[in-house]
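In structure tokens below, several structures.
In the two assemblies presented below, chain A is common to both, partnered first by chain B and then by chain C.
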Partner chain A sequence: MAQDTLFRRITDYAHRADPYPLYAELRRAKVARQEDGSYLVGAYHEITALLHDPRISSDTRERTDPEGPFPQDSSLPPSFIGLDDPEHDRLRRLAMRPFGPPHTPGRVDALHGDITAIARELVAGLRHKDRIDLVDDFAYPLPVTVICRLLGVPHEDVPRIHAWTTTVITSLDISPGEDPARRREAALAARAEMAHYLGELAGKRRGHPTGDMLSALVNDPGPEGALTPLELMISSVLLLIAGHETTVNLITNGMLTLLRHPEALALLRDRPELMPAAVEELLRYEPPVHMLPQRTPLVDIEIAGAVIPRGVPLILVLASGNRDPLRFEDPDRFDPERPDNRHLGFGSGIHSCFGAPLARIETQIALTELLHGLGPLRLAEDPPPYRSSPVLRGPRHLLIERVDGG
Partner chain B sequence: MQIVVDLNRCQGYAQCVFLAPEVFELHGEEALMYEPTVPADQRERVRRAVAACPVQAILSGEQAVADVR
Partner chain C sequence: MSGEPRGGRIVVVGASLAGLRAAETLREKGFAGELTIVGDEALPPYDRPPLSKQVLLGRVRARDVGLPRRRAVDARWRLGTPAAGLDTAGKRVLLAGGEKLPYDRLLIATGTRARPWPNPGEAALDGVLTLRTADDASRLAGLLDAGPRRVLVIGAGFTGSEIASACRERGLEVTVAERGPAPLVGALGGTLGALAAAQQRAHGVDLRCGVTVTSLRGDGGRFAGAELSDGSRVDAEVAVVALGAVRNTEWLAGSGLAAGPRGVACDAGCRAFDMYGIVTDDIFVAGDVARFPHPLFEYQMLSLEHWGNAVAQAEVAAHNMVSAGPDRRPHLAVPAFWSSQFGLNIKSVGVPTFSDQVVIVQGSPQERRLVAVYGYRGRVTAAVSVNRAKWLEHYQSLIESGAPFPPGPGAADGPGPPLSPVPSAVPDPAVLSHGPSVALTGHLPDRRLAVVHHQDG
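Our next item is the complex of A and B:
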């Protein structure tokens, strides 16, 4: 079939459970111009080169046609995920100050006990059930509880956050169908309400720190000064949304993959010290973010014998790069002990995932507790029903049954 | 447990510092310092750091010792 319909076929819901054959087609094309003028890249080395190329912008305002695919939210300025250096670097560094090194190196490590306790409590709640929906009963509540606690969102407000993030994430869905304009409007409203809520919460923490990230952001500005109130609102909305669905998908895809590979599951039950490497392999084999749809070349870019023109939407299909046989031996094989696993599960370059260390720890703990806290399990349906989005790809539900006599 | 970080490969993603903050340390934004002899109570954390390094720059255990020689 024609290369210029690849994106339409990848986003078609019929291919959600298994987009990988289409990714193989994309890799053969190297650079694939689409019928709407956007460009798709799916080979490992080309994706890596583009992610490290300062001539590739993350700011969709650089597009020749700003109303094309993935229009920009014009009511609020972009968060740092949609900005280029030096502005991206300044905002990311200020947001990093209360989260990680060099200023706060121990924050994520210190969450270990908390995350384990939350995971154990959730697993204990599953023990009396014959049928578990891993998404609703475990993979969703765990990261949401953790990110809200980390930022300093009170427990009673978590349902409101849930409703807002669901609306925003639904609007990121780029598959055809429903009225995208209406979805977009609802998302803009939700994002604005969430920003307002977090701004107010940060205001309450000013002068009354409670040990969380919002408190540190307002009370402990570094030598460069603090985020402005608007920057703080926009950055914390980004962290809250990004800390949600992606980790849910990583945990769910992880359990799905392990249940499909009983020998790997048995290996990890026997040798829990392999879990960190296994999570890296999951990030390669079934990553939660399948593509980065927001890039734009600032000038004409020559790559793999093609020219990607300035100002067009450039979509980097990370999940395809992760299965590139030119980089990974036997790429369609799930191997929890894979050596030299430099996957693209968290992207690469200056925009590489801000929350990666937290996602890693959460998933390592989540899968360890599930493997050790419950008896033998099996999938009740395979493939499971997927969420609509081809970008943040993962099951909407994952029904798991207990195997009798376990 | 011994570790060696290939500092030519290190790109300052700092995943190791998040995951084993008592063994790895950032000086300024990018310069990495580390403790080559890993205390017993830090081994699990260092294993996580080795697995997580996006450029696979941390060598540990037998491998590290052999490479140093």
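Our next item is the complex of A and C:
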């Protein structure tokens, strides 16, 4: 089949459960120009070269046709995920100040106990159920509770956060041919409401710190000064959404993968110390973010014998790079003890996942508690129903049954 | 190669980073014979970078920096026993106590030691020390704990600068004396040297460049101060001599190997050369003590005092020790190192001293955040980031592919005037207080960098 319909086929919901054969096709093409003028790259070494290339912009305003796929929200400035250095670097650094090293090295580690307690409580609630929907009953509530606690969002507001997030995320869906205007408008409205909500919350914390990140952001500016109120609103929307949405998929994909590989599941039950490496392999094998659709070359870029023209949408298919046989031996095998596993599950380069340390420990704890807190399990449905997004890919539900006698 | 590649006797001389990683790799690759590891220090292998950073800040104790083990090595450890000689014909390593260790294959990984203060009487003063070993670090940390009124650091290479940084972080007064025009200039050239000088002064260091320390004064056997070549005096209670490193090759005198003050010469596969330039097949070299040809730098012989090089070269050497001809691999890793000092995270790829020009492609010295790219005769040979390390992989690929210098503009550069390269201003190592941590060990020992410019065509 022609490469120029690859993106159409990848985004087709029919291939959501198993896009990997299409990715293999993409890797053979190295660089695949699509009928709408965008370019797809799916080979590991080419993706990493482009992720580290300062001639590639993350700002979609650099596109020749800014109204093409993934148009920019014009009502609010982009968050740092959609900006280039040095502005990206400044905003990310200020947001990192209360989250990680060098200023706050202990923040994520300190959450270990909380995350374990939340996970145990959720697992306890599953014990009396014969049929579990892992997404609704566990993989969603855990990270959303953690990120709200971390940022300082009251737990009773979680339903509002959930509704806003879903609306924003839905607008990331790509259904070529469909007019996305309506979904976009709803998403813009949701993002704006969320921004105002978080801005108001941060305002209340000013002078009344409660130990969370919003409090630190407004009360403890570094020598470079604080984020402006608008920057704070936009950055905290990003942290809140990215801080749980992707982890839901990682935990769910993780459990799905382990239930499909009983030998790996048994190994991890016996040897819990292998869990960190197993989570890295999950990030390679079934990553929560399948592609980065926001890149744009600032000049014509020569790569793998092709030229990607300046100003076109450039889509880097991370999940395809993760299965590249030129980088990973036997890439379609799930191997929780895989050595030399420099996967693209968190991206790479300056935009590499801000919350990676949190996602790692949340998933390690989540899977450990699920494996040890429940008896033998099996999938009630395989493949499960997927969410519509080909970008943030994961099951919408994951029905699991307890195995009798377990 | 003598004997079965995966059997026989292997002796590793040197029990630090390169020696340990080589031993682990030998076992990893299936070496099933007898393995002996000889080390002059009594301690099992430990990590040196923290010694001039966390240990001096009191965050880690010097005895808690043991290197993590990748796997069991099942070796006979001869620690606290320096090697004293090598009989290549009889294939035996002579130990200091007189014992002879026979080998089928030998790895030389004896590294370097701190260059001592040239006047032994002054060097023996209480309060005068070098920093290379865990014992040194422990002693220095103890001296700093006592709260000296002033510390004198002699030499502003990476080690000296990191020590000065730790002193300032602990609130101690510190004077740094450097014969060259700026700190770090020997490794990074003039542009970043100027940034390092400004940063040291902004952090309250009494930085004296273009001077040498002519003598150390004692008072009742205790160090009390120093005289400088400009006629000034510094009163201090501690003097740290940071004059660079000396390669541990004396034990190879008379062995017939191409070993000398610049290291032990070897080929790209880590096999040692003998004094006639003939490659041996049973003696390998890795780590700081090695000098090896690198294709990215016109096959100049490089000596690198880099953590990453010790690991990568040890792995290649070990692989080649247990592999026959066509399965052997070259050591082609792009040199890289890092340093943290005065709030700056400095990372380097390539060989900045192998350059004639430098250009700042991202950020600026004023922001204390930049990427500088180095070029030699129109191609990229190195890049150094300050507080901006995530970009380095891109520049590494430019080095590896011999990309044109200066590089084109990018998204991260921000709007600004076009790039304007300036001379990289890497001084001849002879003008520095400290030795270079990367030496291009070309044909003319006293004009190592000049040789670069004379090799046209």
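Here is the rule we go by: the second predicted complex is superposed on the first by the 402 of 406 C-alpha atoms of A that agree within 3 Å, B and C clash if a C-alpha of one lies under 4 Å from a C-alpha of the other, contacts with A are read in each partner's own complex, and residues count from 1 in each chain.
To be clear about the criterion, a contact is a pair of C-beta atoms (placed from the backbone, for glycine too) under 8 Å apart; a residue touches a chain by one contact, two chains touch by 3 or more.
Please read all numbers here as calculations on a predicted model, not as lab measurements.
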item: Partner chain(s) touched by A:210 [first = chain B, second = chain C, both, neither]; value: neither
item: First, second, both or neither for A:277, with chain B first and chain C second; value: first
item: Which of chain B and chain C A:64 touches, first, second, both or neither; value: neither
item: First, second, both or neither for A:228, with chain B first and chain C second; value: neither
item: Touched partner set for A:101, first chain B, second chain C, both or neither; value: first
item: First, second, both or neither for A:364, with chain B first and chain C second; value: first
item: First (chain B), second (chain C), both or neither touched by A:352; value: both
item: Which of chain B and chain C A:109 touches, first, second, both or neither; value: first
item: A:341 touches, of chain B and chain C: first, second, both or neither?; value: first
item: Chain A positions touched by chain B in one structure and by chain C in the second; value: 348, 352
item: Contact set on chain A toward chain B in their complex; value: 93, 100-102, 105-106, 108-109, 273, 276-277, 279-280, 340-342, 346, 348, 352, 356-357, 360-361, 364
item: Complex interface listing, chain B residues touching chain A; value: 13-15, 17-21, 25-29, 44-45, 47-48, 50-52, 54-56
item: Chain A contact footprint on chain C (complex, rising order); value: 361-363, 367, 369, 388, 390-391, 393-394, 397, 408-414
item: Chain A to chain C touching residues, read off their complex; value: 48-49, 52-59, 62, 84-86, 89, 298-299, 348-350, 352
